[in-house]
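We call the chains A, B, C and D, going by the order they appear; numbering starts again at 1 in every chain.
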Amino acid sequence: MSGNIFGRIFRIMTWGESHGMALGVVIDGCPAGLELNSIDIQKELEKRRPGQSLATTSRKEPDTVEILSGIFQGKTLGTPISLIIRNKDVDSSKYDEIKDLLRPSHADFTYLKKFGHVDWRGGGRASGRETVGRVAAGAIAKKLLKTLGIEIIGFTREYGGIRAESIDTNEIERNEFWCPDSAQVAKMRERLKKVKDEGDSIGGIVEILVKNIPIGIGEPVFDKLSSNLAKGLLSIGATKGVEFGTGFEAARMTGSEHNDPFIIKDGIVIPASNHAGGMLGGISSGKDLTVRVAVKPIASIAKEQHTVNMKRMEETKIIIEGRHDPSAIPRIIPVCEAMTALVVVDLLLLALSSRVENLKKLGFG
Amino acid sequence: MSGNIFGRIFRIMTWGESHGMALGVVIDGCPAGLELNSIDIQKELEKRRPGQSLATTSRKEPDTVEILSGIFQGKTLGTPISLIIRNKDVDSSKYDEIKDLLRPSHADFTYLKKFGHVDWRGGGRASGRETVGRVAAGAIAKKLLKTLGIEIIGFTREYGGIRAESIDTNEIERNEFWCPDSAQVAKMRERLKKVKDEGDSIGGIVEILVKNIPIGIGEPVFDKLSSNLAKGLLSIGATKGVEFGTGFEAARMTGSEHNDPFIIKDGIVIPASNHAGGMLGGISSGKDLTVRVAVKPIASIAKEQHTVNMKRMEETKIIIEGRHDPSAIPRIIPVCEAMTALVVVDLLLLALSSRVENLKKLGFG
Amino acid sequence: MSGNIFGRIFRIMTWGESHGMALGVVIDGCPAGLELNSIDIQKELEKRRPGQSLATTSRKEPDTVEILSGIFQGKTLGTPISLIIRNKDVDSSKYDEIKDLLRPSHADFTYLKKFGHVDWRGGGRASGRETVGRVAAGAIAKKLLKTLGIEIIGFTREYGGIRAESIDTNEIERNEFWCPDSAQVAKMRERLKKVKDEGDSIGGIVEILVKNIPIGIGEPVFDKLSSNLAKGLLSIGATKGVEFGTGFEAARMTGSEHNDPFIIKDGIVIPASNHAGGMLGGISSGKDLTVRVAVKPIASIAKEQHTVNMKRMEETKIIIEGRHDPSAIPRIIPVCEAMTALVVVDLLLLALSSRVENLKKLGFG
Amino acid sequence: MSGNIFGRIFRIMTWGESHGMALGVVIDGCPAGLELNSIDIQKELEKRRPGQSLATTSRKEPDTVEILSGIFQGKTLGTPISLIIRNKDVDSSKYDEIKDLLRPSHADFTYLKKFGHVDWRGGGRASGRETVGRVAAGAIAKKLLKTLGIEIIGFTREYGGIRAESIDTNEIERNEFWCPDSAQVAKMRERLKKVKDEGDSIGGIVEILVKNIPIGIGEPVFDKLSSNLAKGLLSIGATKGVEFGTGFEAARMTGSEHNDPFIIKDGIVIPASNHAGGMLGGISSGKDLTVRVAVKPIASIAKEQHTVNMKRMEETKIIIEGRHDPSAIPRIIPVCEAMTALVVVDLLLLALSSRVENLKKLGFG
């Protein structure tokens, strides 16, 4: 497995297995002079922490981050920032019983086939817990963006088929579903209850907005803002699709419906509408980025399922016990925000080298 | 712009502007010993070539590929393969008239803002013509996959809202829409005619299947097969979304509906169904990869549109003349196939290093 | 600073400041199935640990490595391996007094100019202590090479102008200078004593041999075995040059003197001599790799030196107190071995994809 | 072979075999707005062109560069710049006779072992002719540096043991050896004549100076200015070593001799001397970079040599005919300059992201 590094300038490397000693991340290429402390990171980790509401699992991880390098006297040094989160509430006994059984729609099978040797405790590296490192690194990216006035807002667009029809970002933190449409929360609760009662799980759609992003971010033709966001977001477990602006709906529209005309507003040229989702040719256009991510239902369910015992090489039934969320939503939202922030920061830094005159402006020559 | 390289081992670098002298690609990391000639590449270029049917533009580019390096006596040397396609039928006069006008939903605006200096002729590097290099490189990747028994099949799943309900891969090459469902072709023709008559354009959905892909391809957690496919496909102009297997529909399903149980078939363990789209944890599972790409309507339409004259800094109207396809489909299909092939080959080569024993098997130690 | 990642498949990221909480490294891309435990790593760390002999500093760091991920039941999982070494014996008081003074030939000046904000305690990230992460990662690379029968041997070729004229690798561990020529050890001791008495420091030359390296390692034209070794070795602090085989002496030789004729030995074709240092065209030839690294004298000396007070912007004198080695040799030797091992492993893994037939041999197709 | 890309932001990919159709390079990440025309590139190619003096081969290649993309109306677009140089004067007949014989100290052997299939004509990709792409790309890097006031000067420090003792850069272009010390030219001529008469070849040392380089260039701990220069320079064929500042001589010096004290000059802090060669901690210090490269004698000599016939698997003699330089010097000098320029530009662009405040200064936030 040689795939645990993300980014070209602001680069992260995450590590850790679900039931191992710890998880963490190292961030290379964070510019010097950013004010940063552990609270900035802890705050983001809290958002994805288990055991917070009925909508999430009962695993009780404090998820306390420790900053081991890269910060001195409250500011980043420009050197690598190493973050570690110790595993505390690990109980692998449930996995011991089923270690030879493939959990349907989990990655045990492909890891076993690829590596020959796997950590069968809690999904190992393929666990949702892996995302703790992403969120920790993303917190730093978000802090950097914030100092530049750029904001990232994630919320639940759909939950088990119940759709947020209106968006009031103030509502997001007021309910356990991170739903920006208060009128739909009761229906989501009902949907959740039904699913939980049946020992089942449910999917949904996350939406991410990026506000105040400057024009010019994105490096065509392969490191476009769109393509790198797609990579970042679809590298998160349980995601099944991504779309920008009108997304799949664009497939049914005509050019005259879909095109965004240009206007001059306050002396500045901008697209009047935003079907494009804030990017043209893979470069930010000055409009808000709008991205949606499809999230499948959690694979671990209480219902009996058909599978294979790999040791005996025979078909059998499996019942997965343990602590599992009924849905990856809302805990996956801060992960999506983190990946978005990481992509935007990395491409922001690359954009510095777009013009020769930038070198002169910064005193290099 | 520092984003024209794709891949980690099998790496390509594409170059060329729409109305420049030529376009091309260099491929690094292609293994030695692959039988390859210019017909293998030309064949793929023909598929995306303009001027072939009513569904495509009338620009008449022969798109003849020239192989400049990397092949000797009919086989790859292991050294970089340089491919060049000269532009022949270039007429920039139409663009001269509108060079100060922003074409709605085109990238002229963001390129201008990012670089300060742009080639306004035919979209420059942001043109669909840029994909000729991708297809040429993809042809080599496809050839390599073919020698391993792996096949990539692309087709039109939706065209202007008309959906292929059944899939008969034999039908794909029998109609101008690359539609695998012959029953829907007449409706697609009707849809196309209406759009053309109105001087408009239309979107659609491309689907890609990868057959016989071995288990174990994909490098978690960031270079997953899924995330790299998403990046590759969404780096293509005009794409607005990507999904795997059930995709966005998974968001409305329960775990018990969505999970793929494991079975033993002919002594081999495989998932019984394929909601996952052929990947588990971002690693190929042995089932067919299934990927769908949302394609927006072509931005260049004959209808009058509102926009801005950047030189005079005033709002105005624009009518875009010239030769334009009514839809990016079907010409975008070979591009999607190419990007898919490039990703699969690159991750196949990375997968060689998954286990220590592989080194011994290949005689290194 | 975006430069803390090394390698393309077997990739490491090091982190940590000299007087921070800890230092460490994460290794991505280590193949699964390698037997590994903390003793394998600790053993290498001991070699570069301070406070072991008269030839080294008196800082007493236990340098105990903790393995936080990537290993399960004694074997590598293929997932990232995170290693951490806590700082214990940190005393920054000496640095407090001189924090505004530039230490001659140290990096305080360039770090300050580059980042604006520096950790002035013990050199921060520019300290020799940074290499602890390299050695830890290198220990894993060495273990992997050892299972393939490849051996890396480092020793002192020169110490303060005293040259090892003969090489008996058994002698290396028998003296505090890692000198393979017992006849020269007494002179080295004398040289060291004189330098210490004068409060001065001294340089030297390290030589690295790689034995049993298979033919075919190295990826021209930029990722040659030679060029990547050069990068790896000259990224170590205090190094001033590198040479292969005859090295700088080759500049004075004729082709007929320098060329290595080919012969057949035991049915195998090999070069008869090894002026080339084990590489042809940047690819391993089957002969031993021979590399030499020039090491400058330690910059921290007890003698009074001329410098600048950056706060007052005035010239002044500085006396550097604290615990400093008289020479980077021998403690830099395991660091050179580590970088060599990391380069060889990385290029070994890349070499797996040299031929199409390798894919078939490993069952991919 | 997956090693033909160099750089992280300003990235080049070279391609081409010695006796193939053409050679070339594509440059990604060149900032927009640089004035550039084919003369800028041609001028550098002329310097390394064969057939110019007695000190070089008689192969008569016009080496005319064609710019195929990336430049519009005399300025770079920010898009990839594709450069191609056609092979004209190719005569492979001499190689046909010896294609089964290994040429001593050439890469035929390792290429054959690595790839199984090689282009035996003129060394294929391992030929010195490969460097034409490096020089073409380097010409663009040099032009960019020149607009920033940074100058790269290469010359012959040693030729067959004859050393330039003094440096007058005005002398460099006045003699066929690029020797900055006119007093030594006659001896070099004599040395050359003797070598040629004997059908032999000779090595030497190239020195490169970089003047006016700003402080702060280099990304520790692996992408230091020193380590990347070492990689770039030692990726050139025929090089055997590299050293910075005092280089290998530093190994025999004490700290008090070697350290460069800091002073204040015209209100600016700088090192008073430059034993370090212009870098501290791998970051440029404001002093001139000084780098020396050891160049081995050309492997192709007219004298009879011992070798192996690979087809018959028997030892034999070989006489290499054809057109060969007696020394890689001076034609290798522009190649060294090119690699130096490429490294400096790439790290200059990376240095833009060293501080958060740079983002604000350039209007991102």
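Structure notes:
The working rule: a contact is a pair of C-beta atoms (placed from the backbone, for glycine too) under 8 Å apart; a residue touches a chain by one contact, two chains touch by 3 or more.
From a predicted model like this one, the values you see are computed outputs, not experimental measurements.
Ranking all chains by how far their C-alpha centres lie from the centre of subunit D, first place goes to A.
For chain pairs B-C and A-B, the one joined by more C-beta pairs in contact is A-B.
Per-chain Cα centroids separate subunit B from subunit D by 38 Å. Chain centres here are Cα means. That of subunit B falls 44 Å from that of subunit C.
Averaged C-alpha coordinates put the centre of subunit A at 26 Å from the centre of subunit B.
Within subunit B, contacts with two or more other chains are made by residues 1-5, 9-10, 14, 29, 32-33, 76, 78, 114-116, 125, 350-351, 353-355, 357.
Residues of subunit B touching subunit A in their complex: 1-6, 14, 102, 104-107, 109-111, 113-116, 125-126, 130, 158, 160-161, 195, 198, 200-205, 215-216, 218-224, 226-228, 230-235, 237, 239-248, 250-264, 269, 271-272, 275-277, 279-285, 294-301, 303, 305-308, 310, 313-315, 350-351, 353-355, 357. Contact residues of subunit C toward subunit B in the complex are 8-10, 29, 31-34, 76, 78, 144, 147-150, 214, 348-365.
Those residues of subunit A that touch subunit C in the shared complex are 1-5, 9-11, 13-17, 20-24, 26, 28-29, 32-33, 66-70, 72-73, 75-82, 84, 114-119, 124-125, 349.
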